[in-house]
Structures are given as structure tokens and as C-alpha cells.
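One chain, chain A, appears in both complexes that follow, with chain B as partner in the first and chain C in the second.
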Partner chain A sequence: MKHKIQTVCGFGCGSSLMLKMNVEAIAKKHGIEIDAFCGDVGTCCSNECDVIFISKELAERIAERTKVPLVVFNNFMDKKEVEEKSLAYFETIK
Partner chain B sequence: MNEIIRMNHILINQKANTWEEAIRLTGHPLVKSHAIDMEYVDNMVTSVKELGPYIVIMPHFALAHAAPGISVHQSEMSIATFPEGVCFDCDNDPVKVLICMACIDKTSHIDRLQKIANILMDETIIQRMCDCTSEQELYDIINTDGK
Partner chain C sequence: MIVLTKRQKEILTLLAKQSDYITFNEIAKKLNVSNRTIRNDMKQIEYFLDEKNIELIKKSGVGVFINCLDNTMREIQKDIDEPCMRILSKSERNDLMKVYLCLPRISTFQELADFCFVSKQTIVNDFDEVIQELGGYNISVEKIQGVGLRLFGSEIDIRKMFMQINNQGTYQNEIKELLTIHDETGMLQKKVEDIFNQLENEYNIVFKNRERFTNIILFFFLRMKHKQELAEDFQFPETPTHESLPFFVSFLTPYISNKQERLYMSTIMISERMSQLSDLLHTDTNENDEAYQISMYLVDSLQALQPLEKEAVQEMIDGLTLHLKTAIHRCRNNLQVKNDLVDQTQMMISLFYEFTRKQLHKIEKDYNLAFDENEIAYIAMYIASIYETGNKEQNLVNVLLVCSFGLATSSILKSRLSQFLPEICIIGPIGEKQAQDYIQKEDIDLIISTSDFEAQEIPVIQVNAMLNQVDIERIKNTLYQFSYAKMCSSFINSVAPAIEKLEKHYISDYIERSHIQIVDRVASWEQAIQLAAKPLLHKGYIEQTYVETMIYAVNEYGTYMVMTPETAYIHAGVDDGIYQNCTAMLVLKHPVMFGYNNPKLVRNIVILGIENKQENDLLNIAYILEKEWNIKQLEHKEITKEMILDMHD
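For the complex of A and B:
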């Protein structure tokens, strides 16, 4: 089954899109099938997904409301961080 | 040529005392070219006030934007360099390069944002952008590297 990943930023069309691109690239590289989509911080908790990928600042806002695990990033553009944290998550759901 | 960021939306060697001033400075060219109304600049500022400095998505770089809406007329981006840095009160401070992004919907800007993302993957990019001594030089980095 494909993993449904929601990348989240303030409005679901800026930084979340950049994170989505990077996560998709990593999933592709490692042959992992995912279905990633962007969400905004206001409505992300009501969107159906398996996990939320989000920045540190925004994670604090939804930590208490979310029903799915959060993967928190400091640097959306750091290939190493995105790769390590994404793979660590994929490991947990194997 | 399909430009990622237009020449008249590029500013170099800017100075700002606060993050709000930096966003207003960087967004101004978009107002001037009628891509957005002033209201959108206010919205970008409000979003940081409400949601915090999450727009600083990597060290020294911030992507300011607000929700697509009636104050956006064209999907465009502007960029400014702040070689002395601007404090956004976050771990990735100081911000030296700021992009303001306006989009009319959630999809029309994806292609250009992807190209910006590719440019930002280069670890020397922030320094190279700050070292630019003319708008043309920065224009060339963005529109050539991003291809």
C-alpha cells in the first residue's frame, strides 16, 4: 500500500511544496511508493493521511490535535536531514 | 526565455532592521508591477505574526507567502538579498536571501518553485547570491542555474 504523506506549511502551496518535492525524490531513489500531498496548518489535521511532515515551528501548533505521527524538520532543503528523517519514518512502517 | 524571476522583481544589497521591513521591501516590486496588491504584502507579514518564522525553511533563506486570493493578479516571485542578515527569531537566522511568492492558485507556480528548490540545493547558493554586485548577476544565477 502506498503511504499517504501530507507535507504541511502555512497555506499548503509554498514551503510544503518544496518539502513534498524533496520527499518524493528520496522515496523514488529508495524505491518506496508514496502518495504525497500538500496541506495547510489550519486544515491539515482533518485531511486523511498516514503521517504529517512539517516544520518545527508549525509542529507545535498541531501536536495536540493530530491523530497521525509527525515528522519534524528544521531545514526543508537539507537533503541529508530530509533523507534521514524520511527513511527513519519508512523504517517504522515496514 | 521563460523567466523564473523577472529582472524588475530582483533587489540586491538590501538592508532591513526587522523581518517585517525585509518582507515589505522584498514584496514592493510585486506591488509596483501590479502582480499583487499591497494587501498581499500585509498578509505575508500577518502570516509570520500568526504562524511564526516557519517561512525560514533553511539556513539564511526565507520563502514568504500568503494564501492565494483576490489580492494576487499574477503568479510571480520577487527576491532580495540582505548580505548583513535579518533576524527572524529562529534557528536558521540570520536570513540573507528572501523570496516573496504570490500565486493565483495552488498549482500554477509549481514549476517555478521546483526550479527554485533545485537552485537552493546548492550549498554555496546563499553566499553566491549575496556576493552579486548587480541585479543582472543575480538574475543570471536564478534563471540560468534553475533551468
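For the complex of A and C:
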């Protein structure tokens, strides 16, 4: 079963898509199979997934409601940050 | 007058070439028809010859023979070469009408009808369309009541149109015939002939499409003879520059007195494909030369993918440089060539075509060139052959020789194989049993065997131990397919990852010029968003609610959308009043504090109007704007829309 990652932004169609693409690229580079999809902050807690990748401000809004772990990012486009945090997360699920 | 069919003409051509009797059976065999058919055709041919007072001698059991003098024979040949009457399609007729009207005279509908083999009424019916097509060349038709039709347009446009239709190659013979008729004295034809002969004999310059090109030169002379000339003060759209230009201009001086016409014809000559141009061009590596630079650039990008043995392909690289010279010249002077192989090139060597297209696209701007698909296809052919030759070792086909005979026979076979097919790498000969083991372990493309050896997944060609001609042909055919497949796969392997990287994205691919705004400063970040979205709102791509939702998002969700330095990528949801994917950009010369929750300094606002979630192309904007050189430019005090549109990753 592939690992399901939900990337989240305000509307689930722009910034979250960028984060999704960046995470997918890193997973591919390291040979890890994932299944990533985008979600918006309003409905992300009811979407089934194994983990939520989200920005710092939005994380504060959903922290209390979510049942899955959160990986929090300052900047979705910061390659170094996204790579480090994604890999650290991939380590935990091995 | 007797009209011969195509086959009858073929028979007559055959007879004309014979110096001795030939039998009906022999003719039938050569033309792949029955003896009976030839017999019938011969009757018609005999009538035809009869009309011309030429005797066809028939001797029972010996055959037939045309008895006449050589020059009579040439006359016959001329008749044979006359094109058969063609049924023309409407578009063909329209083209021919346009050509006819180009003649420096007043034409009538009746003449056009005769020329196109249709009724005058048909011509009149079609004529509106012709007028429209002429309009495409900035040419109009003047109808002179009771006299006829005359073209009205600039000399250069009329000539361009003529050249374009002539160069399609479809109407070459019709046009030749037309021009010949109007050169009543034959003087102009002689002049053209002289020009070509002198170029050929004295300078060794041979035009590749002499027949077609003859039409053009003859046409120019016809126009000039009737005082339809380029004005002495005619301005060339671009001053012609080409190294061999002075040569042609001085060469043409005795033939053409009008200076501008001389220059014009020279440029046309240079753009034709000709051999031996190299002697005139002294293609020594002149590094300032554009063609040389582009050629080196293409070879270098090829080299970056796959090491090439440059010495082995030097000659081809020179060929490419030379070709580029004329191609650039054509491009600059708006002269189109038709490459009959475009479709085939795109299909057969599609990879090389794509590679060439993309590489050229990247530098076209710098050189102010725009190659069309015909030109790209030609260049791609050079690239493919350079790659193929420079890369031979990689593509060697491994052939395993399996032989159940003694060593002596198989060594003969091996040496014959390597003699006839030097491009293969032969392993063996080995026995059948060993062979089975060998192919499990090693990489073999093809097995050549003298017995009925069978292998899974690897093709086997069974040959005679003495290797006859048929065997060689069979092997060659198979090899050809192999080496091409191998070459392609090695090219794909080296290119595929690179091509993705090679592909540049420009801001102009994603944001319309009119959607970009540059302003000095704004009062607040909210105002910045409103201003940035204005062009989209104005065009009805988004509604006011979409703008308000974007502002709400920054307020509520924070500033995570500031993803690359000083740039915010803002959007709302797909249901918030958006009708199509759209983008806009606002650049502030003085950055503004953006958002309340975790505020950040923002200089650039990019509106990503995403209506379709699947569409993630627009996100490339962020990958472009994150580049350091672009960030620097955006900070520039004198930033312009052009600078922004031209930014790339």
C-alpha cells in the first residue's frame, strides 16, 4: 500500500499543488513510492490520508482537529527545507 | 494529330534509344505488360510516326526499328516529353491562373480558360477566389473593360508569388511551356542557358534544381523585357549581405544592366541549392560567421549528449555550416524552400527533428532568425547523419556466428561477412551447443547460422556457408533496421533526461503582456492584490468575489503564498468566481509589507487564476521567478515588461 500524503493550502489548487510536485520529485529521486494529493484547509481533516504536509500558519488552524501527523513547512518552494523534512518523514515510515 | 498514351510514349522512348531491332516480346518484358498490349500500342505509334513521315521498319522474327536521322529523333523525343494533358483541380487551376496573370501582358479570361483546360465560364466563376488569393500577396487585379486583366501590385510581390508557386514543383512543366511561348524569339531562353552554362563551365557551379530555377530566371527576364523592373531606388527589405554576393553581382553584369535587378537576382541565386558553392565561400573556420557559430552550437549540444569523434564527422560539420549559410540567407530574405522530405523526416528521424527544432528555437532570437519546418527538416538530416557517423562504435551490431561445419568453412564465412559488412561485430564461429549458452550470458543482436539453429527472442538468419548475394542482401536489410533502432535507443537514452532540462520556459509562455503591470508603489497589500487582478477582472476571467477571497485568504491563512523571495503567488478556490485559467503579475518598485499574520516584504504579486485543478503548468512561473538572475532583475529600478516576459528558467 502506497503512502498517502495530503498537501494542503487554503484552496487545494495552487500552492498545495506546488508542494505536491516538489514532494513527488524528491520521492522519485530517492526511489520512494508515494501517493500525493492536494487538499484545502477547510476539508483536509476529513480526507483520508496517512500524513498532512502543510504550511506553518495553516497547521495552527487544524492541529487540534487532525488525526494524522502533520509535517509543517515555512516555504513550499524552499527545496532544501522540503527535501530535508520530507526525507525525515520518509525515514519514520520505513 | 495522334495523341499517345503514357505507355505508348514509354514504348516510343524505348524505341528511340535502340540502335538495333527489338522484338515485341522484349518490349513487353521491359514494360511489364503482355505482348498483345504492345501489339495494339504499336499500331497507334505507327500512325503517330507516319504523320511525321518517319518509317517504322518491321521485320518478322527480328523486331522493329525506327529508321531516321538523329535530329529527327530528337524532335520525336521533344514531342514525347510534352506533358500529357492534365486534369487540374480547382486549387491547381487557381495557382496556374495566378502564374498566367504574372506574365507582363494583358490577359483575357479566354486565355486563362485555354491554359487551364476548362471553359471560360468556369474561370469566371472561380475568379473571385483567385482575386482573394492574390490579395494575400498584396496584389490586385485591374479589369480593363473590353481588353482584359492586368495585375496591379509591387514588382517584388509579383515575383515572390511567382517563385512560390513555381517552387512548389507541381507546375514546373506547365510554367516552362508558358514562359517558352511568350519568349517568342527564344532570345531570353538562350540568355538563361548562357548564364547557367557559364556558371557551370567556368565556375563549376551547378544548381540542384536547374529546371525549376530556369523558370524563375526566365520569368525575371520576361518581366524586365517588358519594362516591369525593380525601380533604381528600390529598397531591399534588408540589405543583402552574403560573402558570395559580390561574385554573383559582377558575374551578372554583362547580362543585366539594371543594378537593382542584378542585386536581386544574385540574392535569389545564392538562396538556391547549388554545388561547389564552397569554393566561392572559402568556408575556413571564420568564427564571426553566424552559420559557423550556429553549426558549432548544434554540434556542441549534440556532443554534450554523446561524445562524438569530431574528426570522423568534420566533413559533415562543414556541410552543415555550408547549408546553414544558405538557410540563413533564405530565412532573412523570406525565401521559402519546400522540402519534400519534411513529413518523412518528422516521422523517420523524429527524435533528431525534435532535438534540432528545440535547439534552434533557443538561439533563433539571438540571431534574429526563424526557421520553418522545411529548413528544420534539412538541418535535422545533417544532425542525424553527424550523430550516426560520429557514434558508430556505440551502435555496432553484435552478430553471433553459429556453425555446425568444420572450422575451415566457417572461417571463410566469417571473413566474407566482415568483408561485405564491415559495420558489424562478429563473434564466433561457435558450435550450436556453445551458442545456446553464449546467448544467455552475452548481449547479441543477431545470429547468423549455417544450420537451422533456433534461439528465443533473437532473430536468426540462416545462410549458405559460401554466403551468396541473396544472403548478404537479407543480412543487410535486417542490419539496417537494427542499427537504426539501436541508434535511436542510444539517442533517447542520452537525450531524454537532457531534453526535459533543455526545454526553457519563459514568462511570456504563461503571462500575457497586457496582464503585467509595473507601478512605483501601493498604499497597502490589499490594494496591490486588487490592482494586480484588475486586468483579469476587466476581461471577465474572474469575478470580484475571487479578488475578495484572495485577500481573505492572506488575512486568514497567513503568508505561506510568498514562496519565492519577495514574490507572492495568490489564488482563490475553483468555485470562488473564476471562469478560466488566467494569470497576472504586478511588480512594485517599492515593496510592500504583505499580510498581517506573519507579514513578509513583497515586491511581486502573481495572480494564479486556477480554474482547472489538473492544470499545473502555471506553476512553472514560480520555478522561473525563483532563479537568482530573475530575482535580481525584478529589483532593477528600470524594469520593463519586456524584461519580465523574457525571463526564463
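Note that the second predicted complex is superposed on the first by the 94 of 94 C-alpha atoms of A that agree within 3 Å, B and C clash if a C-alpha of one lies under 4 Å from a C-alpha of the other, contacts with A are read in each partner's own complex, and residues count from 1 in each chain.
Keep this in mind: a residue touches a chain if its C-beta (ideal position, glycine included) is under 8 Å from a C-beta of that chain, and two chains touch if they have at least 3 such contacts.
Please read these numbers as outputs of a predicted model, since none were measured by experiment.
Considered on the superposed chain A, chain B and chain C are sterically incompatible, since they clash. Shared-chain residue A:Ala63: touches no atom of chain B or chain C. Shared-chain residue A:Ile93: touches no atom of chain B or chain C. Put simply, of the chain C stretches 7-15, 133-141, 277-285 or 637-645, the part that bumps into chain B is 637-645. In the superposition on chain A, the residues of chain A contacting both chain B and chain C are 9-15, 17-18, 21, 38, 40-41, 55-58, 61, 75-77.
Taken together, the chain B residues at the contact with chain A in this complex read 47, 51-55, 57-59, 61, 63, 65-68, 90-92, 101, 103, 106, 109-110, 113-114, 116-117, 120-121.
Residues of chain A touching chain C in their complex: 9-15, 17-18, 21, 38, 40-41, 55-58, 61, 73, 75-77.
Against chain B, the residues of chain A that register as touching in their complex are 9-15, 17-19, 21-22, 38, 40-41, 55-58, 61, 74-79. If you check the complex, the residues on chain C that touch chain A are 553, 556-564, 569, 571-574, 576, 597-598, 608, 610, 613, 616, 619, 622, 626.
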